[in-house]
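As written, the chain order gives the labels A, B, C, D and E, with residue 1 at the start of each chain.
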C-alpha cells in the first residue's frame, strides 16, 4: 500500500461537515413530513371512488416513481423559473424530495390501509361515524403501524438520496464533502468519513423513527 | 460549434440506457441470490447467523451506494487488490441490492403464517424443501410489491456507476447536456427513457398482484 | 312479554331482494320486528343471515324492496343511513374493537364524534355500560390484552353507549373459546331482560330457547320457517329445518 | 506500478484519461466518437508512440483517483494546474490555457473581484474555478456550486445566479444558445494554465510528455489546434509556475 | 378394545417439563399411550394441551424429561425428530393447508419430498385417502376454494398419506361452522374405527363419549384427571374438573 492516509484536512473542516449534516437533516426531515402528508392525500385520491381523481393520482405516482430524483430536482430548479417561480437550491431540493417521497409514501400507506380488516371500517359505520372520521380515528393509526417498517426504510433511503440534490447547489453533506474534495484531493479520507457519517445518520434516524413508532404505536397487538 | 439536442443525441442516450439495463440485470441477479441468502440467514434459528446478517444489512443499507462503489473501486486497490470496473460494479451493486432485498424478503418470510412451516415440519419435510416448496412461494407473493419498488429504485441507482467511468444513461445525459447546453431537454429525455424502462415493471407487478389477490 | 302487545313495529322489511353480482342472496324477504321483540336467526352457512341483518343498518345495499327502521325509510342509496345507524347497534363475530384505542376510548369514540358528547359525559356513559357488562376494571386496557369473551363484552358495551333501540348480533359467540361463550351469552340474556329489541344470528340453541320470542330459519336467501322456540324445536314445519336441526343438535 | 513510454509501446495501447464533458476541449461528436482539442492531442501522442489509443472517460470527481490507482496511464484532461493538485499528481508543463472569466447579466455591476460580494455567483465544483473563486471573492460572497459546466451555465441562463466564474469558452455557449444579448463577459480573473498529468514517480513518462509539449510549441502544432477548437490564439505559456514542479526532481 | 391387551406402548412421556421463558407450561407430565388407544385431552384455555401434543412431534422443545415414540427416544435437541415425525401425523385447528398448492399437491408434497415416492404412486395414495375422507372430487381445487370442513378433511388426508401410526389432533373442529363440525367428526370417528392411535384435543364431548378410551383433563400444565369417558363425565374425581365440565356442558 503506497498511499498514506491523512485525515487532518478532513477533520480540520469539521464545521463545514457539521453544517452539511444539519443541511441533510433539515432537508430530509422536512421532506419526510411534507411527503408523508402529501402522500396520504394522493393515497386517498388513488383509493377514492372517483375515476378522475384516481387517474390523476396513479399518473402522478407512476411518473415520479419511475423517473430519477435527479431529474426531478433539475426540473424544479431550472425549469420552474421559466414559469416565474424561482426557488433557492435548498427550497428546490425540499420540494423535489417532498414530491418524490409523496409518491412512495402513497403506495406504502395504501398497502397499510388495505391491510385493515373491513370489519374495522364496518364497525365505525355501524356506530354512525362518517368516512372522514373513520379514516382519521380508526383506520390511520393501525394502517401506518402495519407499514411502519417500510415507511421508515423509505425515509432512510430518502435521507441517503438527498446527496443527489447537491447538483443544484443545495448545501447538504455530500455537497460540502465534494467541495472539500476539490480543495484537498483527499478523496479516500473524505469518502471514508462521509460513509461513516451517513451510517451514523441512518442509525440515528432509524433509532428516532423507531422511538416515534414505539410511542405512537404503543398499543399492544397479538 | 455546439450541437443541438436532436435525434442523434437521443440515440446516444439510448446507448447509455443499454448499460443501465445491463447493470440492473446484473445487480438484480447476483444481488438477488445473495439477498435470498441474507434473508434466510436473518430468519435462521442460529442466533450468530442472525446477528451477522443483521449487521450486514445495517451497514449496507445505512451507507449510500455511491460510497460503497467508491470504496470497492478506489479503496480496494489501496489494499493491493486491483479490481476491474465490472468486478467492482458487481460487488458494489450486489452488496447494496442484497442488503435491501434481504430485509424485504426477511419480512415476507416472516409474514408467512407459522402454521405453514409447522405443518411442513409435522409432515417431516426438511428445511430445504420446507423453504422451497412451502414458505418461499408464499413469501414471494407477499414480497412482490416491495421487491418491484426496490428494483425500480435500483434501476435509477445504477446511475452511480458513472463514478467508475461507465457511461450509462444518466452519465450520457450529463455528457449530452455539456455538449448541447440544453439540460432541460436532455434530462427530460433521460427521464422518459427511465420511465420506459421502469414502467413495464410496475405495470407487471400491479398485474401479478391483482392476479394473486384474485386467486386468494 | 305478551306477543300480542307488540303492535309497535321497530323494523319492517318488505319484499327485500339483494344480489351479489349474479348471486341472488336475499329473495323477497318480508320481516316485521316489534319493539322489544327478540329474534334468533339461524340457517346453514351462506344462507344469507349475515347479509340480512347487515342490510338493516345499511352495511349492504339492497336492490329491491324497502326497509323501515322506527318508521324511517332506508333509501337504497343509503339516504338516512347515518340517522338509522344511531338507533341500531351492531355486534360482530370478530368483535372489531379498535386495537389502537383502550377499552374506554373504544366506547367513547363514537359518542364524541357522532353525538358530539363532552368528554366527561362520554366517559361517564362508557363506564356505566362497561360496568353493566362487568368489565369496568379493564377500562384502561387495550383489546389485545383481553380474552375473546371480554372483548366481545366490550363490543356490546360500545354499541350500547350509542343508546340503540335495536341491537343486531352476528354470531357473537362463534369466534370464542368454549368457556367464554357462557359469559357473553349471559350478558346478552341480561340485555334481553331489559326489553331491548334484538336480532341475533346464532347457533346457540340454548340461548334461543331462553330468550327468543321467535326463531327464524333461513336457507338459500329465503325465510323458510318462523316460529316460537318451543314449536320450532319440537315440531319444525319443514323438511329442511328438520335436517338442519338434526345436524347442529346431534353431535 | 510505474509506466514508461517503452512499456506502453510494448503493450501496444495507451490508456489515456480524457474529460468528455468539457466542450470544446473534450466531448462526443455526432457519431458518438470522442472529439475536441484534448482528443486530437492525445491521438498525436499515441501516434508518436506508435500505439493504439484507448480513451477512459473521466469526470472532475474521479480523474485523480483513476490516475493514482493506475487505471489510466496519464491524463490529457484540460485540467487547471494548481498547487494543491500538484501535491498529489505530477504535472507536465502547460499545453494550453483558458482565461478564467466572469460572465454575468448585463445589468450586474461587476468590474472586479470586489464586486462579486454583491451578487450570487455560480461555479463548477470540482473544477479549479471553485477554489480560485473562494480565494479572490470577498468573504461574504454567496457561492452556488454546480455539478458541471452545463448546469453552471444553465444556472446563469435561468436566473438562479447573477454571474458565473469559469472558462472563457462559456461565452461560446452563451452566444450559441441565443442569450448573447442578456449576458456579457465581465472581466478576466486569472490566467489558467492547463497541464497533462502523470503519477508521481513516472519519470520517463513525464520526460517524454514534457518533450512533446516543448517540441510542438516550437513547431506551432499546438497553436494550430488551439485556433481550430477554441477559436482564438493560444497565449504564450510559461514553463515554470510558483509552487509547482514540472521536472519531477524536487 | 380391551384395555388390558394394550401392553404395547406407542407413546411414553416421562417427567416432561417445559417452560416458555419464565412460564412453566408443562409440569412433570407422565403419560403412556398404548397402540390403538384413543385419548381425548381437554381443559381450560392456556392449560398446556396444545403444548403437550406439540412436544410429541417436537414442534416444541422440552427442557426436562423424556419422550419415546415407538420406543425411539426423542432427544431434547430434536435428534430423531424427523424420524419420529414420519410416524406421527398432525392436524391443526387452522388446517394449515398450503394455499399455493392444490388439494392433490398438498397430499403429495411430503410423500415426494420425504419418502421420495414416485409421482404416480404418490398420486395414487393421495387419491385413495382423499376418497376415504369423501373429497376426491375436489382434488384439483385450491384450499381457498373449499369450505372449512372440507379443508380440515383434506388436512386429515394429507397426514394419513404419510402412513402415520399416531395421529395428533389440536382442536380440529373449533375453527369450523357448526354444520361442518359433524362431517369432520364423522371422518375422525371412522379413523378411530380403523384402530389408529389418536390423541385429540377437543371440547366435543359427544365425540369423547363415542370414541375415547380415556379422557384426560389438564389444568395449569398438569394432568389433573385421567379416566374412561363414562367415569369422567358421570363422576369426575376433582373439583376443578367438575367446574370445567359445568361450564362447557351447561349452555
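Quick note on the criterion: contacts are C-beta pairs under 8 Å (C-beta built on N, C-alpha and C of every residue); 3 or more make two chains touch, one makes a residue touch a chain.
Every value quoted in this text rests on a predicted model; they were computed, and no experiment measured them.
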| item | value |
| --- | --- |
| Required steps from chain A to chain E (each step between touching chains, minimum) | 2 |
| Chain labels contacting chain B and also chain D | A |
| Pair of chains joined by the greatest number of C-beta pairs in contact | A-B |
| Farthest-lying chain, centroid of Cα atoms versus that of chain C | D |
| Per Cα centroids, the chain farthest from chain E | D |
| Computed distance of Cα centres, chain E from chain B, in Å | 45 |
| Averaged-CA centre spacing for the pair chain D and chain C, given as whole angstrom | 83 |
| Centre-to-centre distance between chain B and chain A (centres being mean Cα positions), rounded to whole Å | 19 |
| Whole-Å gap separating chain D and chain E, where each centre is the average of the chain's CA atoms | 81 |
| Shared interface positions of chain B, touching two or more other chains | 74, 78, 183-184 |
| Where chain D touches two or more other chains, by residue | 61, 65, 147, 151, 154 |
| Set of chain A residues in contact with two or more other chains | 3, 74, 78, 187-188 |
| Chains that touch, pairwise | A-B, A-C, A-D, B-D, B-E, C-E |
| Contacting residues of chain A [partner chain C, same complex] | 117, 119-120, 122-130, 133, 137-138, 141-142, 145, 217, 219-222 |
| Chain C - residues contacting chain A, complex | 57, 59, 82, 85-86, 88-90, 92, 94, 96-102, 109-110, 113-114, 142, 144-145, 158-159, 162 |
| Residues of chain E that touch chain C when the two form their complex | 44-45, 147, 174, 177-182, 185, 203-204, 206-207, 244, 247-248, 250-251 |
| Chain B partner contacts - residues on chain A that touch it in the complex | 1, 3, 62-63, 65-72, 74-75, 78-79, 104, 107, 111, 149-150, 153, 156-157, 160-161, 163, 174, 187-188, 191-192, 194-195, 198-199, 202-203, 206 |
| Chain A to chain D touching residues, read off their complex | 2-3, 74, 77-78, 81-82, 86, 89, 166-169, 175, 178-179, 181-185, 187-188 |
